[in-house]
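Here the chain labels run A, B, C, D and E in written order, and each chain numbers its own residues starting at 1.
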Amino acid sequence: MKDTPLSNCERDFLLKAIEEKKRLDGRQTYDYRKMKITFGTDFGCCFVDLGKTRVMAQVSSELVTPKESRPNEGIMFFNIELSPMASPAFEQGRQSELSVKLNRQLERCLRNSKCIDTESLCVVSGEKVWQIRVDVHMLNHDGNLMDAASIAAITALCHFRRPDVGIQGDEVTVFSPEERDPIPLSIYHMPISVSFAFFQQGTYLLVDPCEREERVMDGLLMIAMNKHREICSIQSSGGIMLLKEQVMRCSKIASIKVSEITELISKALENDKKARKAGERCGFAESMPQERITALKMDETPVEMTDVTEKANDIVHNADAPPQMVPSPVVPIPGVGQVGQGVQSTWGLEEDDEGEEEENDNSGEEQDEKVTRMEEEKLESREGDVVEISDSEEEEVVILNPEKVSKNTGYTSHHKGAAATQKRKRK
Amino acid sequence: MEVYGSSGVSLREFGCEQSLLSRPDGSASFIQGDTSVLAGVYGPAEVKVSKEIYDRATLEVLMQPKVGLPSVRERSQEQCVRETCEASLLLSLHPRSSLTLILQVLHDDGSLLSCSLNAACMALMDAGLPMSCLFCGVTCAIDTEGRIITDPTAAQEKESRALMTFAIDSKEHRVLMSATKGSFSVNELQQCIAVSQSASEKIFQFYRDSVRRRYSKTL
Amino acid sequence: MRYKVKCVCDSFNPRKCLSFPLFLHTVRTAEPLEYHRSYLKENCRHDGRELSEFRTTTLNIGSISTADGSALVKLGNTTVICGIKAELANPTVEAPGKGYIVPNVDLPPLCSSRFRPGPPGEQAQAASQFIADVIESSEVIQTEDLCIDRGKLCWVLYCDLMCLDYDGNLLDACIIALLAALKNTKLPEVTINTETCSPEVNLEKRRELHVHKHPVGASFCIFDNSILIVDPMSEEESLCTAHLTVVTDEEERLCAVHKPGGTSLSGEKLQECITRAATRQREIQKLIDKVINSVKAAQ
Amino acid sequence: MGNVVQSEARGAVRFSSVEVCGNMAGLELLSDQGYRLDGRKATELRKVQARMGVFAQADGSAYLEQGNTKALAVVYGPHEMRGSRSRTRHDQAVINCQYSMATFSTAERKRRPHGDRKSTEMSLHLKQTFEAAVMTQLYPRSQIDIYVKILQSDGGNYSVCVNAATLAVIDAGIPMRDYVCACTVGFVDETPLADLCYAEESGGVSSLALALLPRGGQIALLQMDARLHQDHLETLIEAAMTACKGVSKVLDEVVRQHLQESSVLSGE
Amino acid sequence: MPTDTKRVRGPEVSQSPSLFSCKPAAVLPPHGPRADGRQRDQVDVRPVFVRCGLVSQAKGSAYIEAGNTKLMSCVYGPRETERKDETDMKCGRLTTDMRFAPFSCPERGSWIQGSQDKDLSLMLHESLQPAVCLHKYPRSQIEVNVMVLENSGSVLAHAVTCASLALADAGIEMYDLVLGCSIRQDGSSHVVDPTYMEENSCGSVSSENQGGLTVAFLPSLNQISGLQSDGEMTEETLTAGVRTCIEGCYKLYPVIQQALAKAVRRAAAPPSES
């Protein structure tokens, strides 16, 4: 499905508004949209709402063999899935330019900046390490997917607990959460990406562009930073030409935004921890807004079971009893059988590869075998209701045995003779 | 087989939120206990020439697992949901167009297929697509002692001997879809169908309530 | 056959038609649904079958010598070949005492013009998953039987099902082919060398696989929301409003009641299908047994 | 014959030593005397050698060596749109880039020369760089293809590709706003290092790749990996821009020399 | 992590039991009669079983069985070309697809088409194309699918025969049938229509004249449409080999003709019922 195109007047309107330092949703140039971080029932499941943009991240772990070049390091794998739910323009299973760009940027932001201690993920050096997989699903695309994805991914990583393992000799046991408390990952710092959109060849700049603004922008600059003001990655994209001063200005804005967002994440994580400790229910049922008119909830309800048994018995008893007699199958030669009657199939009974059976058994009684087979054929033709008599199989089958063509013409047009003939020759 | 545990034969608390996403034409998230599925619908819209059907709309269903890429199992579930939706949607009203239904698993704690069906139905309703009837999904499990458990959790599913999911239509309460796992007797099957039919009443009532609530101010 | 054709004529008033065969052909291509309906009205089908009649089922086992077990099944024109290859692998950490069964159904472009080359389409994928589910639900093979050395070594049975001619009712043909091929499979003997801890395989000494159950499927189509027909052909499949496959084993337990949507069905109708499926199971099990025995007798 | 074998063997040894260097922890990338692993000074570029017009059948081509990194760039176009016409732009040319690495270009044999995430990203970056530099508005409804192949990889792949492609575009006679020059710089011990080689890149240096249009000091692409404190960013960008200007001088020389050669050949 | 998400997945790695076989694989003797009793150095092809028109859905189809080698071929078309941009206005297009069933070889193959399959498809295409009157089918394509159900040697040769038979069965206009025959040269001696074992074993010690040769031949035009050889052979050996292959094709010819005649007779016969 194609995305709805942006009309020219819409484009002009948006650019005009940007020139006048106005944004569609009433924000200021450097404002972020309202951000909400929620957690799922599982460890390592996190939702981020950035305005209307919604992203889910889920972290999972698996024991795998490490890469040969790094035998005592765990493996990090990131995957951003541009689900067609987020936008009609996204297609499933296709590596679009956008998905490559986002995936690489996330990898650079979280893996290359070494924010996670991969060495602590090693279980047995060179044999078993944890592979941490981060799946980020885009649920609703309203611009600035990268920032939402990076926030969701790092928050989910902070929230995640991997199962504890025990090593005894060369046996590795994975403990379930009931046996031993799962362990959090050790995280050095939290890189967060901040995006800047440039308009009119870099004259105007906006933070956190929404989908409409992204459509009219010339280029994008993504800066990932942590709260220690360390830059973890910079990436410019789109055909814009930047000046050094612009980059410097963006990096300053980014550092402020990052410290704000980091605080928000920490607060959200703490709240969730408290709620879990208190034994409160967490997850989707809780996160559903009750006050909205579009939402409704129903408590646990019993199901009527009064006449279920009777109803079932009625149906079963009222049904006709199956006939006890079934037609007997016909086995014309060993390895082939037929049952039922009906239409003529284009694959006649005789055409294919029954030769193998005969070749496999080396009983050496070809003569007898042949006789029995002939008998069976006769039998078959007597049972008129089973065999299709319309086509004579002799006519259908052609066999070549070049050696015997001249000498043994009696066989040449009969396939079944072939194997036997051949075997006789072998003998 | 005649003895039922009182705890087994009930539906966990369930809820639904509609229109929660801005991009899709219809969206809904359905929650059954801890199991949760998000559904989004796009359409009727332009269709690819290769998928065009001259007398009705093409419905595509995509199921996204929470971790990893969709596999053969998701494909088979997609087929079940799609054909159920096809039976209830009036597709011939939108010939040569496309409908896309995307289901995103948010959490799986048992009865996933039935939760997906319910989310799909609510999302289709939210998108305002014409349907001949509504449908809902009910999952029944039979435990090792032969008792029927409705709407089982993941733990109950694991311990059960057989698992059946049915889609029931709202008009005649008949079976639209059936997917089973494990082996069971004919009698058990018929009992589970009967249980699902009576459970479907509750869900349809919930559908009606939520629609009434939603349009309470406009009416 | 002649008589049935006559019925159709009456409803269509053939007198207006110039030539009878041409008339039939036109009706079939222009109004396929009407064409089928006119037969169903008379409780028969366009190929002369009753509504609850299966096509001729032909079974040929052991035709592929490169496979460890194989079977070719013809259900009317529909042809499915199943080849089973056994390989050795390490069991998973979660199930150290179990082997693997990996069934895959392929619908190559060869079998019908509706399939394109490339990775399997939705139908093939759904069929693969269905076969995998049937294997698991019916416990036709217990994966514990495939274990050689607990936690170290086990068998993987690759059950590759390939359709050679697609004329409807793929699932039934696949199940029969799979079951017959499994019964035909002989695994070589494996011993673990205690010194080197490596397996040694004796390819000449083979034993049969223990087949615990005999699941057999029966597929149905629902025409016009009410008429049930058994063993649909591909034309009927594309015209009908719902599909249903019931798999039963020899103890009349149901292993799968697979109805992926379509028009609704009442419990009573479903019961009819189950009864028919039970009869079919006996029929096919008898066929498989007889064919297997014929091979054994021939040896 | 023997000679060839020998040189191959030597190559292998060199590569493996590089690999070892890369994995060694706490390797001294900058000695106290201010020399780097390969004996260069901090701001010194690797030796750049280039030739233009290496292919007769292409519209433009160039071969460029920067130290041990070797790249080949070929340009076709501007020509009519090929493939899907829906990408046609009515007001400018579409630039199509493909980046690939020869299977023998790295120490470990590369399985997929192109098509993985990293090379797709590299193609995207090249495309973006040249969209900014080439005067695409002069060729509406047409397409320019740029194919770049890394023959031997020793760090700074992106930069070398950009430099080679610039020469190829010039060779094709396609007007550009300016030379696009790219360079990778690193930051060690508070000192920026220009034009990193593989050993330095993999030795844990925070590296920054920058493509510059030197005359206006405009940045066509900026990419940075690994951690760097914000305060050092300016120094690093400054160093990268200087290095790029250095590259641009070399490129300018190559172009002038090529022009001279070809005018001599054509007898003008 | 590229994984096949469209098939039921098994374990990551599995090995064929034959790798661990306690007995070494039997080595074929380089002299004397062949394992299946045929003669060495003579045009001794395996008995062939051929049949046309098996697949109900296809326009034309053929099945061939030579010893244990079993192949099936289906032809669909002529139909409209899919790729419109490359449409040749004057000429039709022939597409070939040759695949091995996963269970067709002693070692289990993958579902995903390997380079061998693509290579064989291409050779099949080149062998068939000269025989088909493609100019009679402008702007359309004819699809030839070949499935190897069991590989017991000389697959390409039999695929060519089978595919041309299927094309003929589909009523596609052709200049002539195409027949295939292959030999395996092993030092000074050669075997015609080699089995899988003979193809993959190297009997004699000398490295000279080791190779395989497959010839696609148009019998009534007496022309060669495809020739594929691998290994190292002297010029004389190769020419002699080609001659042997042609001879082999002529041995096949009457059988193929007969099968085709039967198929035509059946198709042309008046319908028995109406």
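Note that contacts are C-beta pairs under 8 Å (C-beta built on N, C-alpha and C of every residue); 3 or more make two chains touch, one makes a residue touch a chain.
Not measured: the values here are computed from a predicted model.
**Student:** Minus chain C, work out the clusters of chains still connected through touching contacts.
**Tutor:** one piece
**Student:** Looking at the contacts, which chains touch chain A and chain D alike?
**Tutor:** Shared contacts of chain A and chain D: no chain.
**Student:** What is the chain whose Cα centre is as far as it gets from that of chain C?
**Tutor:** D
**Student:** Averaging over Cα atoms per chain, report the distance between chain B and chain E in Å.
**Tutor:** Roughly 50 Å separates the two chain centres.
**Student:** Between chain C and chain D, what is the gap in Å from one C-alpha centre to the other?
**Tutor:** Taking the average C-alpha coordinate of chain C and of chain D, the gap between them is 58 Å.
**Student:** Approximately how many whole Å separate the CA-defined centres of chain B and chain D?
**Tutor:** 54
**Student:** What is the distance, in whole Å, between the centres of chain C and chain E, each centre taken as the mean of its C-alpha atoms?
**Tutor:** One centre to the other, that is 29 Å.
**Student:** Counting only residues that touch at least 2 other chains, which ones in chain B make the list?
**Tutor:** 69-70, 72, 75, 186, 190, 193-194
**Student:** Using the touch rule from the top of the page, what residues of chain E touch 2 or more other chains?
**Tutor:** Residues 6-9, 54-56, 68, 70.
**Student:** Among all residues of chain A, which ones touch two or more of the remaining chains?
**Tutor:** 311-312, 315-316, 345-347, 352-353, 356, 359 - these are the residues of chain A that touch more than one other chain.
**Student:** Where on chain C does chain E make contact in their complex?
**Tutor:** Contacts found on chain C: 1-2, 5, 20-21, 63-67, 70, 77, 79, 81, 83-90, 92, 100, 102-104, 106, 108-113, 117, 119-120, 125, 128-129, 132, 156, 158, 160, 162, 164-167, 188, 190, 198-204, 234.
**Student:** Per the contact definition, I'd like the list of chain B residues that touch chain C in the complex.
**Tutor:** Its residues touching chain C are 72-73, 75-76, 78-87, 162, 164, 167, 169, 171-172, 174-186, 189-190, 193-194.
**Student:** Where on chain D is chain A touching in the complex?
**Tutor:** Within the complex, chain D touches chain A at residues 23, 117-118, 120-121, 124, 128, 131-132, 208, 213, 216-231, 233-234, 237-238, 241.
**Student:** Can you tell me which positions in chain B touch chain A when the two form their complex?
**Tutor:** 1-2, 4, 6, 9-24, 27, 29, 31, 33-34, 36, 38, 40, 42-43, 45-46, 62, 64, 66-70, 98, 100, 102, 104, 106-107, 109, 150, 186-187, 190-191, 193-195, 198-199, 201-202, 206, 209-210, 213-214, 216-217
**Student:** State the interface residues of chain A toward chain B in the complex, per the touch definition above.
**Tutor:** 1-2, 40-42, 45, 52, 54, 56, 58, 60, 81, 83-88, 92-93, 133, 135, 137, 139-142, 283-285, 288-289, 292-305, 307-309, 311-313, 315-316
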